[in-house]
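Quick one: the structure is below, questions incoming.
For clarity, chains are labelled A, B and C in written order, and residue numbers in each chain start from 1.
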Amino acid sequence: MKTFPIGGVHPSENKLSCGKAIEVLPLPDVVAIPLAQHIGAPAVAKVAKGDKVLTGQLIAEAGSFMSANIHSPVSGTVTAVDLVPNGQGIRQMMITIKREGDEWAEGIDRSETLVRECSLPASEIVAKIKDAGIVGMGGATFPTHVKLSVPPGKKAEALIINGVECEPYLTSDHRTMLEHGEELLVGVTILMKALDVKSAYVGIENNKPDAIAHLRKLAAQYPGVEIVPLTVKYPQGGEKQLIAAIMGRQVPPPPALPIDVGAVVCNASTTYAVYRAVQKNMPLIERVVTITGKGLKEPKNLLARMGTPIETLIAAAGGLPEDAGKVINGGPMMGRAMVNLASPVTKGCSGITVMSGRDAVRREASQCIKCAKCVAACPMGLEPYLLSKMTQKKGWETLEAQMITSCIECGCCQSTCPAYLPLLDWIRLGKQTVMGIIRQRAAAAAPKK
Amino acid sequence: MEVLLYTILTLCALGVLSAVILYFVAQKFRVEEDPRIDQVEKMLPGANCGGCGFAGCRGMADALVKNDDISALFCPVGGGDCMKAVASYLGKTAAEKGPQVATVRCGGTCEMRPRTNEYNGARSCAVASSLYVGETGCAFGCLGLGDCVVACAFGAIAVNPATGLAEVDPAKCTACGACVKACPKGIIELRKKWPKDRAVYVSCVSRDKGAVVMKACKVGCIGCGKCEKVCAFGAITVENNLAFIDSEKCKLCRKCVNECPTGAIRLVGMEPLPREPKVAPAAGAKPAGVAAPAPEAPKAE
Amino acid sequence: MANKLLVAPSPHVQTSQSTARIMRDVVIALVPALIISTVFFGWSVLCVTALSVASCVVFEYLIQRFLVGGKSTVGNWSAVVTGVLLAFNLPASIPWWIVVIGAFVAIAIAKMTFGGLGKNPFNPALVGRVFLLIAYPVQMTSFPAPVNEAFDAWSGATPLAAVKHGAAAGMFDVQDLLLGNMPGSLGEVAALALLVGFAYLLWRRVITWHIPVTILATMAVFAFVVALSRGAGEAALWQFPLFHILAGGAMLGAIFMATDYSTSPMTVRGGVIFAVGIGLITMCIRLWGAYPEGMSFAILIMNSTVPLINKYVKPKRFGVK
């Protein structure tokens, strides 16, 4: 069984909702659409207060190449384009739309019929993906058209589809692979065409044997597509870890990108969205969100429109339990704790994990006993104990020399620490600071106009 | 006896030999330094706090001796007297600068600014502020996790557990500015130090609109601009929904204090001006106590 | 929503393997050796161990309470581990007051002066043992023979001491060495029991195999080469290495002392360098040094190199050739 070469941990999987078919959530009455729900420049609003919009209509345009379009997930009236608190309580520009019915913009094929053939040239495929506003739906929200635009001098050799879903609890990719396997594989062939590669690998962790078997059976009809079962080990779904596991190549430290080793990685749900965008003209206006947690009455996978308040999703899963201690946007390893449950579902929201109070409270930290478990767990071969300590001492030069910028913030170190030290809390701060210093230095070194 | 003698002799010879070697090494690697640097360093306070912008007092002394124009250099800890002494020793002119004190510009105590969630991460304002809004609805206020306390080399700042806010002890504060740099929210400002620690300042840095401020905190600045109008010295400016009092221009006339509808302008060490008859007389020295929601609607935009 | 929601940066899961659980596991792993030792040397084994543990815990508590301040660290079981390990390094016939002095040196001098658990550069139990060995050499090297008195030929001297004074390594029965049927410190005699503890620690993921296996392998290879150069016969050629890894404190040191977290390197590669050093130094002392046993000295010497190893031996970085 293939896996990545260094470190890793194995947290309890807790895939409570893996057997639950995707349910369609009723349309929300009001949606809020953040203009910045992807990496890069925020989108620029194309509508103003009072405008009528249709479902699937472009409401905000990519602010630059490294940005993404945003479409209205419902039809109705724009009630505000203003600062609204996001899940972390920070005020962000959002377009608020009051829903009236469900009228769709023209040209969108909403049928379920499978369209296998795609005769478009690569450039048009990329253009369609860009128009549909597709970004990485695994959580990183990197605009997909940017990934597909291979910079000159570099060559993609293989496409890797990330169906690993190594985060505990989350099952949205798993269900998508099971229920939309055929469409997903068409999406794979479309992406292969866009990148002009002959081989594609779908990496799936071995705890999803049903998805592996299902896709293997279907993949027989798609030459060049191989399903690769992977060892259950976190962070198997990290982009760099996945490339190393499948292709045996290690992406060099930043600023190198996967394309430098000839790989392009795309999430499974994103691939399904690519199929819908290219074959059906369907923009990215809905996604599967796993609502899960041990205290929830009914953990489930919901197909929700973007902008739906997260509390609506929680209500659909039986409501927030009495003893809820923490609500996490994402999974427990990399997700962000929320303070504002009225905040909307966004393109990168793969799940909501509700933790009960007892599980949520961090255990009291004691002193470092130098057990080196964090060093053994780090999938990037870093020394978390040292990085955390040096951040507290503000030793920025040391941190840079010790490659803090390679940190992928997977959380292996902190989750494995027997002294319960907040290692990653500090490392993240150190990484941000060091990256700021590097940017400043680059700006100072750049020739002045 | 013989053994003893040999031991002593060997050790003596070894000592002499080492001394000779060390002497020559010291000669070879000697660095010529202006002796005045040592003198100036002795005149500086020796706190090595970094308030001057140098890593320590030695660096400052070096710069003071080497630069012809030292008007840009100032030791906040030693203050004007220390700088004058140094300048007269070096035969240069020192910068004139009045004493300053660090001021925490947030009045959002636990009562005034209700906690909406509980922070459970590493005890660091920098970590918390890069993660989310903070324990309250105000994205600008003091987080109370004490990055400033860690930064202060003089023990002059502490987080009061009752209010959840950082508080400066003016007697200990040297205005070195370490806390100003440490605060990720930019709440702490070095302001002019008046006798008896008197002060008038806007105890809020929220740039949110009035309605948002009112929802999160009872004593926040809503940017209504009343204080700006009443100020006779042009010391108050309102920008981005936030009033700011320039401590160099302010004369402590206290008119703005009574004008503020939310009590965001704080008065320290002085009695407030008597209120005009139509308003109920204020009791107590702290205007935070008269923070009854103002009848005036907050100015939008 | 009755309660306020908690907020913290990710990750939101923590291991159940706490410091206290790790230390408890080490104590559990030492129990088989304690039982075997009690069988061979009698009840005094349990008395010495209990006294050592109690003194270590009390010293740590008192120092924390009256000198260092802060929250008591006794609850993390590390003082218990030190106590058991110190006892394991003493002869069963040791006078009680020497045990207390050893515990004091281990906890007060070797551990708490450096800031307690995780900050001590040298293994506390070994510092205690070496201090006692130098301060009270007679009491520390007069070992009682096993209770069943089957081995009058070398009663009172450990197998290593006997070999040092000219006995052939081949005269010792491997079975006795494995079971601990020989004179020696409390815990070091029963190699088999220590190996059971090793298996337990591996299973509980408290330590990895790298350091113990490398130490023992280094010692075996070294002994083999020496035997070869001495022109030993075929039987002696394998008896000599086997004797060295089974006799004396080799097993106890390799499994329980060299793997001490704060005094061993942070990386696997560093750990291997550290372990090879321990193996070589141990064998040099055993073969050519003044003492019959060199494990404690070897570990302490290599402890002093750990900061250097940590500084220069880095883990294999992802993506760096």
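General remarks:
Basically, a contact is a pair of C-beta atoms (placed from the backbone, for glycine too) under 8 Å apart; a residue touches a chain by one contact, two chains touch by 3 or more.
Treat the numbers as computed from the prediction; the structure is a model and nothing was measured.
In summary, the chains found to touch both subunit A and subunit C are B. In this assembly, the chain whose C-alpha centre lies farthest from subunit B is C. Inter-chain centre distance (subunit A to subunit C, centres taken as mean C-alpha positions): 48 Å.
Rounded to whole angstrom units, the spacing between the C-alpha centres of subunit A and subunit B is 41. Subunit B and subunit C have Cα centroids lying 52 Å from one another. For subunit A, the set of residues touching two or more other chains reads 336-337, 339, 360-362, 422, 425, 428.
Under the contact definition stated at the top, the residues of subunit C that touch 2 or more other chains are 5-9. Across the assembly, subunit B contributes residues 116-117, 120-122, 127, 131-132 that each touch 2 or more other chains.
Interface residues of subunit C, counted against subunit A in their complex, comprise 1-3, 5-15, 17-19, 21-22, 73, 76, 78, 116-119, 208, 261-262, 265-268, 314-320. Those residues of subunit B that touch subunit C in the complex are listed here as 115-122, 127, 131-132, 135. Only residues 4-9 of subunit C touch subunit B when the two sit together in their complex.
Put simply, subunit A touches subunit C in their complex at residues 5-6, 11-12, 168, 240, 244, 250-253, 256, 320, 322-328, 330, 332-339, 341, 353, 355, 357, 360-363, 366-372, 375-376, 378-383, 385, 402-403, 406, 409-411, 414-420, 422, 424-425, 428. For subunit B in complex with subunit A, the residues that touch the partner chain are 116-117, 120-122, 124, 126-127, 130-134, 137, 139, 208, 212.
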